[in-house]
Amino acid sequence: MINKEVKDAKEAVQDIFDGSTIMLGGFGLCGIPENCISALVQKNVKNLTCISNNAGVDDFGIGLLLQKKQVKKMISSYVGENNEFERQLLSGELEVDLIPQGTLAERCRASGAGIPAFYTPAGFGTEVSEGKEVREFNGKSYILEKSFDADFAIVKAWKGDTSGNLIYKGTARNFNPMMASAGKITIAEVEELVPTGQLDPNFIHTPGIYIQRIFKGINYEKRIEQKTISDESK
Amino acid sequence: MINKEVKDAKEAVQDIFDGSTIMLGGFGLCGIPENCISALVQKNVKNLTCISNNAGVDDFGIGLLLQKKQVKKMISSYVGENNEFERQLLSGELEVDLIPQGTLAERCRASGAGIPAFYTPAGFGTEVSEGKEVREFNGKSYILEKSFDADFAIVKAWKGDTSGNLIYKGTARNFNPMMASAGKITIAEVEELVPTGQLDPNFIHTPGIYIQRIFKGINYEKRIEQKTISDESK
Amino acid sequence: MSLNKFQIAQRISKELKNGYYVNLGIGIPTLVANYIPKKINVVLQSENGLLGMGPFPKRSDVDPDLINAGKQTITTLNGSVLFDSAESFAMIRGGHINMTILGAMEVSENGDIANWKIPGKMVKGMGGAMDLVSSSDNIIVAMMHTNKKGESKLLKNCTLPLTGKKCIKKIFTDLAVIEVTKNGFYLVEKAPNVSIEEIINKTEGKIEISKKLKDIEI
Amino acid sequence: MSLNKFQIAQRISKELKNGYYVNLGIGIPTLVANYIPKKINVVLQSENGLLGMGPFPKRSDVDPDLINAGKQTITTLNGSVLFDSAESFAMIRGGHINMTILGAMEVSENGDIANWKIPGKMVKGMGGAMDLVSSSDNIIVAMMHTNKKGESKLLKNCTLPLTGKKCIKKIFTDLAVIEVTKNGFYLVEKAPNVSIEEIINKTEGKIEISKKLKDIEI
């Protein structure tokens, strides 16, 4: 197998350049590549286009990149929970492209899978379909959506091996697998990095072929946005 | 959870009607729904359109349906290894639609995923693209391919639970997962059927939502087409 | 007496059938989970990648890697499945979800829905709503009949940017249960002691009254 | 002396680079697996759903649930991954396979390939070949220079139904290594003791000779 291990986040993101288009896995703050985001903040790379379902909160996740004004454009489905984001958007400093969540996921998958475009019903008859081809199949209307072209994809997994095979846990999987397949360069950070051969080949979520660099992340905070608890007296 | 267990193959296929379009999982003879094929032979349902990567061999797999002239049309990527198939094809008794293997897989996935059509490079400039829309994206030519419309999908898994969650083993996975998602009615036969809650939710290949009926299969033959052995003296 | 949001959720719960896979939006729809009849099996989908959503965890079981689409910590159940976002929306777009229950700002008499954007206000995004409403034949809206200004939310035409066109089949409000037909709104149930006139007055779009009109039972 | 099929495979093995993911077609391409240099790591993909294809099993390890695209029983290796056909062709179409090596019946001077159908004969199907040839920038053909009748397989135009258009970059035959350029075939290596004239005579399509032409080393 091919060894893709790098030392740390700093080494993994070293060639991410100003103006890059980057996919970042995660849903809300769940399953986000915390180490690489920190390294990007430190590197202070600018004018990024970030493809990510959400934009983090003010002081965590992609919010950290927004605070340092490193982001030129966000491509997301939902960007609430972030005051600095709102300020930059309203002042015109930040561009935002909002797209339906399923379309976002499928456009990522299409990018990795060599499908340049596909038809989806999501957004037909809404402003999402403006300027896009509309076409009827079996009496229902669909719009044409295209794949992305991302320079880098950065994903977070639970376990990985040195050949890049990845396993996710719980709902921290979300956008990570399809983004992993879609980067020209894909970087994976994992909580546990094991030697090749330790993972069951039947139960790997992301095959290593999609991964160019992998490292063991450190100090995961895994911040929770809405800690909801059952009434234990019940 | 929702209990989808049925008694056996006979019960599972009872409403498959003459003229049905059926997807059948498997690659070669690996991962094919042996029990359901036998039940279809017994039921002697006719004029089937079968979507399956291969057509079995003379006396096994879909070959058994061909021998009883139950198949009107095969939609496959490769149909060698079958003399009766060849006879019926040359005599005009059987229609065959040959499509590239990746297009077959993606059309099945699209059927389950609500994607009515997508663009693929496979077959551009060949007879596969005849009569199809050709379109250029980023300087490369692609052809438009559409999803299928299958009345039934029949798949074979290694393990399943009564709510229809499935796990496959080895390369017996192949077309089974995308076909499972694509049937109006999907029937799963499994080697081992366990109560709901026994399978790790992180490692399920086919979510139970796609499955309408599941049963524990019996007497799997798992015939091998090419038994190739290493030279053990090395 | 108009219904409160819990009673709306309770009424909607009667629409659930055994074996349904259901996606619940944020707000009143989420409350429906509390009223699922014990006799029937219903599986809840969370579009961030979970089928078989369980209740909130005990304090000791909170897992940051297990949240729902509202970013709340949750639990799995026996038989739950976890998957990625592409698979999740494959399920949704592919019509495998039997019922979707959503909140709305406006619904029009031809079934258009607006629930994601108010021009001039901060736009947070549509999330999965556009995929959900365009993908199923069974989209139900749970909302108040009027907005905070007392204006009808059941309109001839939506005034806000649409989430989806001609996709809503049934509306459950504090005042009524209303179907959307080719001829516009169709009043099939009303809250007890609410007059037909009040409902007509608070419905801007064209509305017909069912001859079998009855009181909402909860 | 022209090369035999093992020698062709051996020559092709030198095209492999460390870190390549490779798909090998049936025939001569399969033989390339035997000559992978020990110093480099190459991962073989089998399009029926395996990355990291190992050797044939020992008799006691034969598993009917583990075959390659040629339906032969095989083994996995440390680090192998199993997946479904949609994922497999996502890898292929998405350009994640670094090199594909295929057999061919005909190749034309503009890089067209025909290898799946002979009109009038039983057609078995294209399998994954059309996906493979249309999806990568690095498609290599391994074949004999002429067919059984002695006719050239390197043509001006293919006469058989195409598998793919303008997709072949390099051809390895028993006589030569030939690149496909904008100007047609380009002879870069020849088998030892085979004359340039013989190669030109057995190549129907337009062929140029590299000034750096050298003998094939194996």
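For reference, chains read A, B, C and D in written order, and residue numbers begin at 1 within each chain.
Simple rule for what comes next: contacts are C-beta pairs under 8 Å (C-beta built on N, C-alpha and C of every residue); 3 or more make two chains touch, one makes a residue touch a chain.
Everything quoted here is computed from the prediction, not taken from an experiment.
Visitor: Could you let me know which interface, A-D or A-C, is made of more C-beta pairs in contact?
Guide: Taking the two pairs in turn, the one with more contacts turns out to be A-C.
Visitor: If every chain is reduced to the average of its C-alpha atoms, which one ends up farthest from subunit C?
Guide: Ranked by distance of C-alpha centres from subunit C, the top chain is D.
Visitor: If you average the CA atoms of subunit A and of subunit C, how far apart do the two points sit, in angstrom?
Guide: 28
Visitor: Could you work out how far the Cα centre of subunit A sits from that of subunit D, in whole Å?
Guide: Those two chain centres are 36 Å apart.
Visitor: Measuring centre to centre with CA averages, how many angstrom lie between subunit C and subunit D?
Guide: So the centre of subunit C lies 55 Å away from the centre of subunit D.
Visitor: In whole angstrom, what separates the CA-based centres of subunit A and subunit B?
Guide: 33
Visitor: Quick check: what residues of subunit D touch more than one other chain, meaning two or more?
Guide: Residue numbers touching two or more other chains: 82-83, 89, 92-93, 135.
Visitor: List, in ascending order, every residue of subunit A touching at least 2 other chains.
Guide: Subunit A, residues with two or more chain partners: 106, 109, 113-115, 120-121, 168-170, 202.
Visitor: Using the definition of touching given at the top, classify the network of chains in this structure as line, ring, star, complete or other.
Guide: other
Visitor: What are all the chain pairs that meet the touch criterion?
Guide: All touching pairs, sorted by chain label, are A-B, A-C, A-D, B-C, B-D.
Visitor: Hey, which residues of subunit C end up touching subunit A in the complex?
Guide: Checking each residue of subunit C against subunit A gives 46-50, 55-59, 62-74, 82-86, 88-89, 92-93, 112, 122-131, 134-135, 161-166.
Visitor: For the complex, which residues does subunit C have touching subunit B?
Guide: 18-19, 21, 41, 43, 45, 51-52, 76-83, 87, 89-97, 135
Visitor: Can you list the subunit A residues touching subunit B in their complex?
Guide: Touching subunit B: residues 106, 110, 113-121, 135, 137-138, 140, 142, 146, 167-170, 202-203 of subunit A.
Visitor: So in the complex, the part of subunit A that touches subunit D is made up of which residues?
Guide: 1-3, 109, 111-115, 161, 163, 165, 181, 196-197, 201-202, 204, 207-210
Visitor: Please output the residues of subunit A touching subunit C within their complex, sorted ascending.
Guide: 27-31, 53, 76-80, 86, 89-90, 98, 100-106, 108-109, 120-128, 158, 168-178, 205, 222-230, 232
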